[in-house]
Amino acid sequence: MAKKLWGARFTKEIDKDFFQFQKSIQYDYKLAKYDIYHSLIHVLALADAKILSKPETKKLISSLKEILKEIEANKFKPNLESEDIHTDIQNRIEKKIGRLALKLHTLRSRNDMIVFDEKFYSSDKASEIVDNLRKTIASLKYLSNQYKNIDIVGYTHSQRAQKIKFSDYIGAFIKMFGNDLERLSNFQNNLIIYIGSGAFKGTTLLKNYKTAIKKANGILRFKTGKIKVVDNPACNVSDRDFIVEFLSILANLQMHLSRICEDFILYSTKEFNYLELPEEFCTGSSLMPHKKNPDFLELVRGYTGRIYGGLISILVTMKGLPLTYNRDMQLDKKPLFSCVEIIEAELKLMAKFIKEIKLNKEVIKIALKDKSLYTVDLVESLVKDNGMPFKKAYDIVGKSIKNK
Amino acid sequence: MAKKLWGARFTKEIDKDFFQFQKSIQYDYKLAKYDIYHSLIHVLALADAKILSKPETKKLISSLKEILKEIEANKFKPNLESEDIHTDIQNRIEKKIGRLALKLHTLRSRNDMIVFDEKFYSSDKASEIVDNLRKTIASLKYLSNQYKNIDIVGYTHSQRAQKIKFSDYIGAFIKMFGNDLERLSNFQNNLIIYIGSGAFKGTTLLKNYKTAIKKANGILRFKTGKIKVVDNPACNVSDRDFIVEFLSILANLQMHLSRICEDFILYSTKEFNYLELPEEFCTGSSLMPHKKNPDFLELVRGYTGRIYGGLISILVTMKGLPLTYNRDMQLDKKPLFSCVEIIEAELKLMAKFIKEIKLNKEVIKIALKDKSLYTVDLVESLVKDNGMPFKKAYDIVGKSIKNK
Amino acid sequence: MAKKLWGARFTKEIDKDFFQFQKSIQYDYKLAKYDIYHSLIHVLALADAKILSKPETKKLISSLKEILKEIEANKFKPNLESEDIHTDIQNRIEKKIGRLALKLHTLRSRNDMIVFDEKFYSSDKASEIVDNLRKTIASLKYLSNQYKNIDIVGYTHSQRAQKIKFSDYIGAFIKMFGNDLERLSNFQNNLIIYIGSGAFKGTTLLKNYKTAIKKANGILRFKTGKIKVVDNPACNVSDRDFIVEFLSILANLQMHLSRICEDFILYSTKEFNYLELPEEFCTGSSLMPHKKNPDFLELVRGYTGRIYGGLISILVTMKGLPLTYNRDMQLDKKPLFSCVEIIEAELKLMAKFIKEIKLNKEVIKIALKDKSLYTVDLVESLVKDNGMPFKKAYDIVGKSIKNK
Amino acid sequence: MAKKLWGARFTKEIDKDFFQFQKSIQYDYKLAKYDIYHSLIHVLALADAKILSKPETKKLISSLKEILKEIEANKFKPNLESEDIHTDIQNRIEKKIGRLALKLHTLRSRNDMIVFDEKFYSSDKASEIVDNLRKTIASLKYLSNQYKNIDIVGYTHSQRAQKIKFSDYIGAFIKMFGNDLERLSNFQNNLIIYIGSGAFKGTTLLKNYKTAIKKANGILRFKTGKIKVVDNPACNVSDRDFIVEFLSILANLQMHLSRICEDFILYSTKEFNYLELPEEFCTGSSLMPHKKNPDFLELVRGYTGRIYGGLISILVTMKGLPLTYNRDMQLDKKPLFSCVEIIEAELKLMAKFIKEIKLNKEVIKIALKDKSLYTVDLVESLVKDNGMPFKKAYDIVGKSIKNK
């Protein structure tokens, strides 16, 4: 067990199994970068408040920057005996610069840090997902362009309905993902990352934070545009509605993904046979040597369970919690991280996958010969050209089908 | 069983039990108003396309307006033997004007109508919920103003933490609901109500719809600002992401509601005793004559299950559906309606309830005497006034607690 | 507003909107029958305790029986101005026999009644669902027998895999539903319906209840075999785990239903075309006169959302509730009732539907000519007859496929 | 990338990112032990079918036993470049004994292995959870015995209701957990672990498996009592209802855990102050030196989100999957493993935690002086001793409260 950030009043050692149960370092280390950002602004605020001298400030900032470099170079290895990422970073700094480190946490609470970190993470990840979603949309457009003037069979209720342009069919998914993209952008744009909540009642450093944010913009290399001094600290440390919002947008996106997968699985069956899937994204069977399975599509469809489950998880955890911070809220991170990581992995592959899909034009051509696809046109011509009332035209065409 | 909108090709009668199972009139009658709107625009489009003559148009519009009046006067009684609201209205018009009614559904599909109706409903309801949420926020501000300079005990982990202003405590909920309100407004603003999808490939009436929407603005009394001619019909009839988005915003709001309820239940226990709840919103026990129970707060907290359940319901139903329309999607309405109605009922009462809450100032005053509420101030003064490193100050104050 | 069972200590009238919000009569009237059962036993207990005289007992019992008759004849109309079913029945008895009715609720709490009612309902409904499930299984057996020696194409990953007997394919669903049936029976068998909890600490009538249950067996016409005098009253009134258990069994069953629907929808596409669905369970399109849609299957698949949503609803409502009874728990009924009713309606139709399915033997025969269905047999013969190591045989057969 | 169990027909290499996306070794290595069991029985079956010679059989078995020893000694490190645990073990054996290993997978499919492994895992874990739950119940009994004749305040609606024995209060949780225990035992008892499904249509080795299971009992050290030769292979490889059943039992248990946590958090507030929680299971604040927070209870309550989320995850993934095996089903493992591991960790600590709880007898004694706790006794005496009708007695006592 590494040094902890608390404990003066305790007379008994923490139970070792309980320590393992309650620590979060094994997953919250993913927030390391953002935790450094918080510390950097905090140090600038303490300097502005004259709680740190200039040399102290310099020393602290340079040690924070050292750790940041490690993180950015993917060399940061969390100490799994630390309680959480805040403690881990604190302990590292103490190792680097000794007792001065004990001033770093002055008038600061982990309650403020964690929500700062999670919001920054969510903002960055929302941007990344937007980028990846753009690539998926671009691949859909590429595919659509490959088969520009092709018509395909359109379905309702999984039954042949009417002829439809392939570009309109693919366009439906482009439109769905476009809506997801808009929701993600709105979420990202509206997200405000607050600082200065203390445990929940704010601190006396609020003015200093304001100065610090401005300064940070100059001397540090991260975007501070979304950071603001907190307005209602009790709300800030208590709420996780931004995670619910983020995950529900991802749930909608995942729902759309499950549907494109369903269609592509269907269309690549031997029976439909409209699509040829790229072999590099299929797997075989250990028993049946002939199999070529649409595993990628099945796995994406299957992940719907995990994304919906993640959304429910955070909603349930937050239900009925009294104000302000409660330890239950630590458990917001696993669903957040896992939903984000699943979606990212799916989208990265989806963009590649879609480009490699081939249409079986011959099969499609034959299917389009099915006369039932043109009943609406027939009805329309009876109505428009012959002035027949719609219902009558509908009945005549319908009965002619029956009699076949 | 009333007359149906389909069936020409069928040789067997629909199974009676199956008819009952599949019909939706018992709940989709709530969309009657919006279904009339769709019909009005559709008739104008048919007129513009010369499919309806001027007298025909006039007759149809006036019969639609008659039904609209009934609906607006709350006198509309759905015929429960109709299959759905579209059919019900069609049949009514046939009763009024005879065979001309058979032209009403020309080149139109219920797939286009139902999503039009549901989006219009969602848009209207989002506005109403915004209004009701504003009233709840106003009540919170009123309550906060009633006890302007009062401090109360602030909690983390359900344990006494620091003194906090009552206005900041209530401000946390105002901020939460303010976020919900912003989400709802964004949702409502971004929602576009499309028309013209046909079954899923659009119709040849698209230009006429454009004209019709413009005209409708002049001669009808509903807002057409959100209505547009469909861009991708296949997407429009296939998707229900707007319901997922709406219900997930309501889920966040409900999560916040569950938390204010939890706190108020806690604070009105005999043990905390900070709050006096209005008797008009409490109930008693049939066995224990002394009981005064916070039923309103418990019921709102309990409804969290229903709202989360509604969100999961629509998400699950939409998972993995092939394009385009599938009958599964009919089942989107019950969760939509019930979530909306629950939230509306909760908010209407919440606004009244909050205004009647009384603070037990004497009890609060005594609680505020607890010295442990001021340890942060003590630490801060050691740091700021005595220049002590934070960690040392923390340890000194912490140990003094332990030794008590 | 009708007379209430509580209120002596209240000085203000209940808010009218809140009364509407909190009442449950609009759905808990479905428990009327079981509420009468509780009252009958209770009256016998009060008689045994000499709190009621013999004439009083007789009068009360006969008035209860009168109401029971109405219920059994489907003539019971709840008074929607009553708070709940308990109150409604109490008021009816008062109307019938006057002031003596005021003795009925002696030393009894609605907390005890409601859980008694819900358990009895769950027990009865579990039995009914078992019966309906048996019928569905019987229909599957019937279908399987109709096509006794037929082979069909078996699939993994929606891709053709190996030939399989139709009876084994249908047998898979029979086995799944058989497992559901076993779970339902176990649930029903293990369910104990307790009486005598009072509000939560039991009553002094426990011995009298024991006698009363025995007596009830003789003079009343409902099965008392599952009724016991409560052992831990605090648990009994606080818990709803039996609803979670019941709904999770139904969720498993519904998951299985969604899968048979998915397969049958797939197999009735024009592309697979293995099945002909009964027209009486299909519907058409209001625009496309040729359509015959598998609506029944789609609706059942779609209801999965509602069943999963119901399960989540009760789980969420119960999360984190303090002991003992809380008003949140009133909201357990809607998900319980709606899940039960959906499953019942589905199963009743499913049993009919399945019997009418026809196999397109010719289409199947052609599909079975696909050589890829027999690669495992080829590998097996190479292994068994030629003594070739499996992996080598697999590779040879696999490569021969590739080279085609 | 390590060697794969499939691929003969493929001409392109699998995409590297897709390989990472689709592999499961990073979590399914937890099933290593059970995968060895399957292989052992399979080798015995192949021997019985004369596909393996005696020396081959001996060699294979001894290499399997070697790996089993590693696993049991916790020395097994999965090769993260393997696709899954089945492949990893196959490759290990090939390393040990060369080309003979290529016979191991003869006429076997991973579809059969994975469900065998998961059922065996579920069975073992259900037993372990039963043991841990027994310990938690034992701790509750211990706590109850420590305060044998103590009464406490009983609550309904979080409001003081009636006096209740501490042992009855704790008894309510004992009863709840007892119900969970019974459900778990039933699940474990009814679970059958099938072998012999092949990909989904069974194998020609079924008789040999029967012999092999019997033999295994003699020469191997694992319990074969639950293993049976498969009856319907298509069902066996297609279904995961046992995971839904298992996780829904855990969801009920978790719901109960959330409630005991809620109560203990409440009772350890400064305001209720009935309980003293063991310091070893509490943590402090990094800002407020006086804090002692009930983190263990909060975390357990918070984990409710994860357990419910896990249940929903598997339910959603399985929704609407066509028969037989689909790759979506690979995603059943993460929710299964994580729910099991969370529950195990919770219960282990819960048993320790509960034993260390202390009651603040003095505080309780004062609370019990509250007269409102005895209104039911008053009513009862008026009814029983004075023969007053219940309703009248209730009204008199109720009004006397009001007038205070």
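Per-chain numbering from 1; labels A, B, C and D assigned in written order.
The rule we apply is simple: a contact is a pair of C-beta atoms (placed from the backbone, for glycine too) under 8 Å apart; a residue touches a chain by one contact, two chains touch by 3 or more.
Every value quoted in this text rests on a predicted model; they were computed, and no experiment measured them.
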For this session: Have a look at B-D versus B-C and report the one with more C-beta pairs in contact.
Result: B-C
For this session: Report back the single chain whose CA centre is most distant from the CA centre of chain D.
Result: B
Seminar exercise, completed: Here the gap between chain B and chain C, centre to centre from mean Cα coordinates and rounded to Å, is 29
Seminar exercise, completed: CA centroids of chain B and chain D: separation to the nearest Å works out as 37
For this session: Scan chain C for residues touching two or more other chains and write them down.
Result: 7-11, 105, 107, 111, 156-158, 161-162, 198-199, 266, 284-285, 287-295, 298, 301, 304, 308, 311-312, 315-316, 318-320, 326-327, 376, 379, 394-395, 397-398, 401
Seminar exercise, completed: Per the touch rule above, chain C residues touching chain A in the complex are 156-162, 265-266, 269-273, 284-285, 287-295, 298, 312, 315-316, 319-320, 367, 370, 372, 375-376, 379, 394-395, 397-398, 401
Exercise. For chain C, which residues are in contact with chain B within the complex?
Worked result: 5-15, 17-18, 21-22, 86, 105, 107-111, 198-199, 278-296, 298-299, 301-306, 308-318, 326-331, 334-335, 345-346, 348-349, 352-353
Problem set entry | chain A-facing residues of chain B, complex | 7-11, 51, 99, 102-103, 105-107, 111, 154-158, 161-164, 168-169, 171-176, 179-180, 182-183, 186, 190, 198-201, 204, 231-235, 237-239, 241, 244-245, 248-249, 251-252, 255-256, 258-259, 261-263, 266, 301, 304, 308, 311-312, 315-316, 318-327, 376, 379-380, 383-384, 389-392, 394-399, 401-402
